[in-house]
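The following pair of complexes shares a single chain, chain A, combined with chain B in the former and chain C in the latter.
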Partner chain A sequence: MGGAAVDQGKGRVRARTIRVAVLYIALTLAAAVVLFPFFWMIVTALKMPGHAFDPEILPRPPTLDNFKKVFTEYGFVRYFMNSGIVAVSSGVFATLFAALAAYAFVFKKFRGRDKIFAVIIASMMVPGLMYVVPQFAIVKKLGWMNTYRAMVVPHLANAFGLFLLRQYMVTIPRSLIDAAKIDGASDFQVFGYIVVPLTLPVIATLFLLTFQFHWSNFLWQLIVANRESLYTVPVGLAMFKQQHEQLYTLKMAASAISIIPISVIFVFAQKYFIEGVTRGAVKG
Partner chain B sequence: MRQSVTALLMCLVFCLACGGEKAGEGVTITVWETYNNEERAVFLSLIEEFQAANPGITIDPVNIPFDGLEPKILTALATNTAPDIVRVDVGFLPKLAMRGAVHPLDEYATADVTDELRPVTLASCRIDGHLYGMPDQVNGLCLFYHKELFAEAGLDPEDPPETWEEFVEYAEKITDKDKGIYGFAMRNSLWWSLPFIYSFGGNILTEDNKKCALSEAGAVAGFQFKADLYSRYKVEGGAWRAGGVRDDVGFQSRKYAMVLNGPWAVRGLQAAGIDFGVALIPAGPAGHATNVGGNNLAVLSTSGHTAEAYKFLKHIVSKDAQARWANELGQIPVNIRADAMIDLSKHPYLGIFMEQMKYAVPRPQVGSYPEIENDTNPEMQAALDGKKTVQEAMDAACRKISVILEEEEELKQAMK
Partner chain C sequence: MKASLKDNLTSAAFLGPFIIIFALFLAYPLFYSFYLSLNKVTALVNVFENLKFVGLDNFIRLFHDKLFWWSLLMTLYYAALAVPLGIGSALLLAVLLNNKLRFNRLYRTAFFLPYVLDLFVVSVVWTFIYSPHYGVLSRIFEAVGIHYFAEQGFLGRPETTMPAVVIVNVLKGAGFGMLLYLAALQNIPQEVYEAADIDGAGWWTKLRRITLPLLKPVTLFMIIVGVTAALNAFVEVYAMTSGGPSVNVGEQAYGATWVTGYYLFETFYVKLKLGYAAAMSYVLLFLAVTISLINLRILRSRGEN
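Let's turn to the complex of A and B:
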């Protein structure tokens, strides 16, 4: 009887081992599929110009020329700086405004609050491209063409961010807020000392998503900036696709560098990214 | 609330007030261009030359990614923020012109200027009898061949095929399926098929640009020959198929011995160390022929300084400027008087590219050329795939093209 139980246990262990092995093989394959383009990008970036399509997979001989050229012959030092300015400031301010607005929508009472919220949420249904021409016209009227303001300000009101933060703030027990209010805390104190610390994971998520969006935004930055000194990384990358030829090796070198900030952030803040995805999935 | 609205309005008024042009200063001409780094260096030096000779006119060049130009220019036109001059693909110019976005240069361009221009480039600027720009760059496809693969097949690497019959014969000798080597590789798409269609006497539209001509005998025979290279003679490597090795890629990796390509490919092939030759595209029943690509410089109708803008364009297409452009970049000059000033020893292939341009046929100057191309390509793909006969595919393409032409005609009437 005891022997049978041990056998059974062994069988269970073996079954588990197989299951884990299968899982790992499947995950390894999936990882290989996902990582292959990155591998290809880096390998191509190390090839001599004109050799992007050599039959050999590995560069022979490998060269760092492309990386050098991207910064010396093309203006990528400036483009990275511009992308940094635009993505960080958009991320910070869009998150701050979304948090303040969410606070008002959750903890303040005003006429038509829920209707206004519904209208804002409905605006998410309009495809982003529809905003391009009107926003452009406004930016132009304000005389903001060719400024960082034009690249940042129009995207600071973020309906998705408001939605994300509001849905989280609703779950904060109202008694906490009431207790603070009784102790004489102002709205800004309640916001700063209670709501923000409790909402921090979602705020971080929102910052990361906004940062990522603006780091890779192309069309808007292309049309509001008519100065190369204001071009961002995605606009700079587009320069490598010319009318008749693509400068693949240079493009891959610049792309490889351009994903560094995103990958670093992703490694350190993976769980916030995933939180953003799942939180958006369950609307409630 | 009211305060902030007032503040905003004041801000707006202030911005508008300071946006106006200051009197007494010279004229600034903004140019949106899509040059690559090498071309841009030459362009900037031409600007310096021009500014030195024309005090009071400042040229402000803005480099735009080629792919981003169309959305950018359309947004700019919609919001009145367009530049004075824009460099556009020859296929895109009629579209802008038809919508009234381009200022015709007829009043400025005198015969002494236009007579110097390569006729085919001038044709690409002329739409409905008006001159809508100055040519900036012109090119067309030629036959590129792999000298090593020629030698391995026992062919003389200095003796490329001159007719399509010879071409098939050579390609059959080179093709070695076991080794994965093919005599030829091609792309599908109307533009890339034009040398075949033209050299068999066909065309896209009838001469008056009113009707589709693709279903007529010449065009059908030309495209049939192209399709046969794959399905009948079996000398084409399937480069046009989804998942196939692209023609230029396979040419570089010694898979394909002959491809059609343009002057822009020379630099990359030289950098990759390929031993290649360039020849005229083989002649068909209607003789030699090739297509036309390139760019024009157009003055936009929103520009308040069309005279100054034209003055600059006149400088760019001048004999001396074009000779420099050709010598430094190895590109075909748009000014024929520059031809004699080119140092061909520095650019061994330029002579043949210029020779080929003598046989270039401009595309029909209709605003909906991009739509014609888009609607024809899938039909051509079906014919290459063998899903339709060439005649069936061309008939289908022509039906779509007639609709496109009708719509364009309606739009034109509405614009009047």
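Let's turn to the complex of A and C:
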């Protein structure tokens, strides 16, 4: 009888082992499909120029020539800097403006508060493409064409960010704010010393999401900056692609360097990205 | 209690930056766009100064524009592919990850990573993968005896191009839906399954009767995401196909990936027909708002039950 029980136990262990093995195989296959383009991009970037379509999978020998060329012979250092300037300044200011506005919507009283908030939230329904023509017209009229301002300023009112921050700030106990006010703190002090530190995780999330969005805001950057010194990485890549359709190894190297910064940030700050995605979706 | 003047000034200081930019770059453009849609560009220099009022002419022409109807059809086709593929892939990944395995986090990172990467760059990489003859995907198919893709690759034939374009976006975005499904799955109390086990329910019954109904809100959200992606589809089309390859329907040639977003870009940026493009964007707005309202309706009716 005891032996039967042990056998049954062994059977269960085996069933579990098989289940785990099947799951791992499925997960690995799925990961291989999802990540394949990036794998292929990197191995191609490491192949000798002109050998993009070689039958070998792995480059023999691997070379960094493509990366060197992209940086020295083409303007990618510059494009990189531009992407950085645009993405960082957009991230900083969009987050700051959203945090300030969220503070007012949560802790201040003013006429039409809820209506204004509703209008801002409703604007999230508008498809992004709708804005391309009129925003371009405004930027042109302001004389901002071919400036960083044109790439950054039109996107500094982030309705989604306001929503995200407001949702978080309403959970801060009022008593905390009131106590500080009684001690003579101004709204700006309350904002800077109490609200911002308490909201920091969401602020980090919002900064990362806006940074990421502007690092790859291709269409807008293509339209408002047509001077090479202002190209961002994706725009630079688009122009490069037009001129050198056949230089695949170089194209892949340029693609790789544009993807790497976001990937690195992502790996370290993953939890903030995930936070933003799951919080943003449950707005119903 | 009425707010004091000082208090109002403080509120204004907090709101100022956001509201000014909102008004100038998000609210005003909608009105300006409407104004543009009632006008026509009369010269190709200083287009914003050389406008002539034409009333509803742009909308009427749009209504008779075969290419525009075709673009709506292609947008619908895009959505019809993106919605089920998007939901299917996200759900599959979530179900796989919803087991207590040691390397779960690593896989989750792998699946979610492409979501944060640049769509234009990802599209450039895929264009290379989709190449004919020596393209890696053509070669993989040839290795298993399928020669269908060898000559023209995946982006060269009208029948395969749209699915190929949509798959790029679906694979890139799968990790996003996965996270939502995963959160929903982990919110289902274990007791519900245990009760079902006692009743002798198999995994299929449990999936159909318990899991899928509880995931419905996420699925509805994913439908909206898929349709919105179709309405906004531009970057991937610009990078991979430029709206092509061409298909002949009767006398007229159309593009197999000629979605409305791409037509809008072409009209505005290449042809400089601002009024016409603005009219087109109003149709997009109308569609997007309709879909959002339907979504809101569904969510509300769920709340009442």
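In this text, the second predicted complex is superposed on the first by the 249 of 284 C-alpha atoms of A that agree within 3 Å, B and C clash if a C-alpha of one lies under 4 Å from a C-alpha of the other, contacts with A are read in each partner's own complex, and residues count from 1 in each chain.
To be clear about the criterion, contacts are C-beta pairs under 8 Å (C-beta built on N, C-alpha and C of every residue); 3 or more make two chains touch, one makes a residue touch a chain.
Quick caveat, the model's predicted, so the values are computed rather than measured.
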Chain C versus chain B on the shared chain A, clash or fit after superposition: clash
Partner chain in contact with A:38 - chain B first, chain C second, else both or neither: second
Partner chain(s) touched by A:53 [first = chain B, second = chain C, both, neither]: both
Residue contacts on chain A - larger count, chain B or chain C: C
Which superposed partner A:73 touches (first chain B, second chain C, both, neither): first
Partner chain in contact with A:26 - chain B first, chain C second, else both or neither: second
Which of chain B and chain C A:228 touches, first, second, both or neither: first
Touched partner set for A:137, first chain B, second chain C, both or neither: both
Partner chain in contact with A:241 - chain B first, chain C second, else both or neither: both
Touching partner for A:187 - first (chain B), second (chain C), both, neither: second
First (chain B), second (chain C), both or neither touched by A:145: first
Listed stretches 24-32, 78-86 or 150-158 of chain C, narrowed to the one that overlaps chain B: 150-158
Chain B and chain C contact sites that coincide on chain A, given as residue numbers: 53, 55, 132-133, 136-137, 140-141, 218-219, 223, 238, 241
Chain C residues within the chain A interface of the complex: 1, 3, 7-8, 10-11, 14-15, 17-19, 21-22, 24-30, 32-33, 36, 48, 92-93, 96-97, 99, 101, 103, 107, 109-122, 124-126, 128-129, 131, 133-136, 139, 171, 174-176, 179-180, 183, 217-218, 221, 228, 231-232, 234-235, 238-239, 261, 264-265, 268-269, 274, 277-278, 281-282, 284-285, 288-289, 292, 299
Contacting residues of chain B [partner chain A, same complex]: 11-12, 15-16, 18-19, 30, 32, 34, 36-37, 62-68, 71-72, 75-76, 78-81, 83, 89, 249, 252-253, 262, 264-265, 267-272, 293, 295
In the complex, chain A residues that touch chain C: 20, 23-24, 26-27, 30-31, 33-38, 40-41, 44, 52-53, 55, 93, 96-98, 100-101, 103-104, 108-110, 116, 119-120, 123, 125-138, 140-141, 153-157, 159, 162, 186-188, 191, 212, 215-216, 218-219, 223, 233-234, 237-238, 241, 248, 251-252, 255, 258-259, 262-263, 266-267, 270, 273-274, 277-278, 281, 284
Chain A to chain B touching residues, read off their complex: 48-51, 53-55, 73-74, 132-133, 136-137, 140-143, 145, 218-219, 222-223, 226-228, 235, 238-239, 241-245
